[in-house]
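A, B, C, D, E and F are the chain letters, set down in written order, and residue numbers restart from 1 in every chain.
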């Protein structure tokens, strides 16, 4: 199996971090193919960045070959619907994957993400997926995406403090970490708090393996019907 | 007042049709400024086209000067959230505008749009705006956007037949025409069926005039906070 | 254009305050016609007052002549559905207008109203309009309507303190002031908090101008079908 | 026990029919007190009639003495919230009562009412009570309220035909008859279709007996707080 | 009338407490028949206990004779749907009954229950009954069911403190006590807080009396269709 | 990996069919362990059967050893919450698994199940999982579970005819087969209709493999906290 892990922003070290995490959970024989968009913002923080990065990401997918599934490695599930039109291979967003895993392990979960400005976009996704009742609250730490790495100590503390608030005030039974850059903290936090603390990248690649083994494909009827060739050619 | 009417697809005759309709309803002294994206698909029919056209549309808005409000002249309200981050001037999508007008004139409305593949995107917008209960049904005529003009006779008949089904089966009290290209049919259908048959372009420019006169601006706190300058510079 | 601004309570100075605010935002040439009910309570604070004032308000509308639209100048949108049956001219409630404007300027808003006893009625309206997800919370200051004027200093402070709570705790991006009597505070609060702080009266008259220019009418099919003549004659 | 059965319209024979039905289901010793409004329309068909009749109905309740509970004998539950402010004795609408009984006897029910114009008002009530998912559909027979009596044969057939459609198309497991004037048909239809066919008047008086025996009262905190005396005096 | 009050756990003193409370509110001539399951857990605290006790409870109902209605005396409404398949006599759960009474007396209520682990099960019931908007919050005191009796002083204090939080923070207008073992506290708390504080057992038996007097039966069409005889024989 | 596939009914040939299908999709090295309840009904058709089979199923799980995840092989997801209390290993119901896969492959799906009496239970599950908007409709073929095998020709035709109705009338983009006994038809129907036609057993075992590889566990905080030992001992 070959799974594309597409980072819709242009910061390739973030792609590497995500792929390294992905490789730790996939089956022997599954190949993780990193893909970084070469047009768009350096990080995705809110509606504007999300929208701008999509054509670059779609082009990267369009040019890829011989893959069995696609993971969109941005917690906003940027361009998920558009990507599903481009290929009948399964496409999963890391936000979506983490939410769905959380809802199979708990009655209620909270999300801990980076910036407040990203919260409404995440809330819209949750509503669309039908998880607005199972997600108790989306909490922001207000650490910018690209500083997660640099200040990992402070990041850990801020995330931990939001998790504690979620357990106390939201009656959360599980936590979803709302940024691809938080992938390395999930295990440590799971052990510390003794509840599921989920990272989207690992959830998504693992879900992709399932869908590949099932042999299922994205429906081509209705909303995900393939675009006309000349429309695709716009990507360049 | 100067209102930008941005067509997110690259077909400038469609921009002209929309602007002509807009000019018929605005106050004396309101200037309608046509803007056509110069990157993206020739028409917008579903998720893929929607996503691809957004950066071109944002760039067109970014380069515009001295405007008081923006209308996004695509019924999918393509890139609406991203555009609201780019300027604190009011930004209204034509889908949104028509839905909100319909909900002030009726208890329940149905939408008549072009292709079936666009229906899920419209349903997601309705859910997000909180109008999923007031919209009885989104109906497709399956006439491609660019053929609306060419086959206007057949288009009228197909739309009329869906309106009749909506009155009979959906208990609709008003109709929203779900494509910028249908703007010229609204009056004729309103007179024929004696119910409000609404077109989004005219609703949106008229709503913009209201917001301009009120002196209100898009909130910069939270989801619509302005992106960092280097993010905007990605648009080129 | 002539727009009726109907105050459903019997306190005509409140009508004057509302009309003065309305006149500041309408286009040159738009006439604002004050109308005060002459049967009912002196202020509207909750379900009972709301219900009692409706026939008097409907009678005032019924006797009016040559108008193009109606604004119901009570934040509970008292008698809105009944008024829509009485005329095919657009009828807008000030609560409804402010909510819809807020939802075009922000992802989430909170309402700051007068008395706690009014909160459930406002929550029912929000649910009916489909805005229960976009309205984060309805907050009460517990200043009675008729004392808003007398103690404007204290009123300002209490309202400001609820706005601060809304920004901090509700993640509100905009505020709707929930009483016609608060119209004079909106500008000052908007400037101070640098977010949209909306008043319903100005939103409603401005929306009415839009609907008039669009030439649209309330649907007569279904729930807003005109009542039989003998039913109307009950108003006296 | 004394239960007021208030007919908010001014047609006293309808009050008598409702009270006769009520008397057949109450316990020995429960007194049914008929009350007919003396101001308002002769029948209640939609928003306008609903709104106009409320002050007259409230005055009738206000002048009544020595009662233990109030039934509002109009299927639109006209003025229910306002009446709950006027007294701490339980107040139940016949629509509400029938819906709640139906939801304890079935997974899903449909409503069969008189005129199409009344449907939106009923749908709003169902939403407010939280029963929009359990009510499959509100169906109209388009027989005017005051002709139910005159054309009882035709009425029975039309209602039966809507019940059959509800069983076939809505997957309804029970039926609620949506008009006080249909009370005499419930038993016959229940026997014929072998499913619960419920009438609101009997449901409501019986529910009132329960609440009286429980000794519970309407909450005076929040939305149902009693109005100030001078507000009540407006009723005359 | 004979009403079965079935305690789905095996602690018969709890059955007696419930029946004693029931007898205080029913009409003269109504017989309350206690029934205790003889297979299952000693108390019901969460999903596991709920599921395990159902066959024992169903067997107890199946063996009962000559009854007119059934009350399931566990606040989780354990096995309610299954019991409705077993008999066409009305079956009411005490949670359901208390919620429905609360929603006829208030705009919003909160629940005060025993253990945190029971909260998700109660929230699922509220969602299913359509009362997720009217219930402001389910609050846990974390007193185990079987200690309610022993430490009644401390129990009262903890419940009182949650009620105060509900009035202050949830804008609750009524309280539902979320455990059959709290039945004796309802009156005292109602008097102290001057709002409806409801116990499910008394609400349920009283509702049953209503349904019996109405002569209504559970629908046998659809979800509550009677199981085949050999399926019932599994109960032993 | 060892995955328990628990059939909550007592018909072991059905367990074998499910396990055979499961074995076709799992990774090499994954062991599928069949488990059939030895107490309860021979098939599960509706609320009653569902409730009766749970303790037997829980006992079977409790006695199993050395497993990594549990699949509940009944489309009603019978006893899912209770099973999650019994073990911290992932537990997935086949209904839940198929719905979640369908929602990653399509915008909207319909369910085709066996008996009408099962529909309300499935609808409650969908609501609880937040998928009531993504599931367009639950359709029944009215073929009893145990006759699926015997009359496979007729079964195929009836299912095919419901799928065609779903594509035409529900705007479904994918289909979920709503019974473990339909597992062998999924591939044939997928090929014929060229849309995803999903079977729950394969979806569930494949999802389990994902969760096992991720190393995640069911949360023990809140609703899925482990029951006290003496409660578990009730299972025998």
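Criterion: contacts are C-beta pairs under 8 Å (C-beta built on N, C-alpha and C of every residue); 3 or more make two chains touch, one makes a residue touch a chain.
Fair warning: this is a prediction, and the values are worked out from it, not measured in the lab.
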Check every other chain and keep only those touching both chain A and chain D; list them.
B, C, E, F
Looking at where chain C touches chain D, is over half of the residue numbers used by both copies, so same, or under half, so different?
same
Between chain B and chain C, how many degrees of rotation does a Cα superposition need? Round to steps of 5.
180
For chain C and chain F, let me know how many angstrom lie between their CA-based centres, rounded off.
51
Return the distance between the CA-based centres of chain E and chain F, expressed in whole Å.
30
Determine the centre-to-centre distance between chain D and chain F, using the mean Cα coordinates as centres, and give it in whole Å.
43
Multi-partner residues in chain A (2 or more other chains touched) are 107-108, 116, 119-120, 127, 132-133, 171, 222-224
Judged by the touch rule stated earlier, which pairs of chains are there in contact?
A-B, A-C, A-E, A-F, B-C, B-D, B-F, C-D, C-E, D-E, D-F, E-F
Counting only contacts in the complex, chain C reaches chain B at residues 25-27, 90, 92, 96, 100-101, 103-108, 129-134, 167, 171, 173-174, 194-196, 198, 202-203, 206-207, 209-211, 213-224
Show me the residue ranges of chain A that touch chain E in the complex, using the header's touch definition.
107-108, 133, 171
Complex contacts: residues of chain A adjacent to chain C:
116, 119-120, 123, 127, 132
Please output the residues of chain D touching chain C within their complex, sorted ascending.
39-42, 45-52, 54-55, 58, 79, 81-82, 84-86, 116-121, 124, 127-128, 222-225, 227, 230-232, 234-235
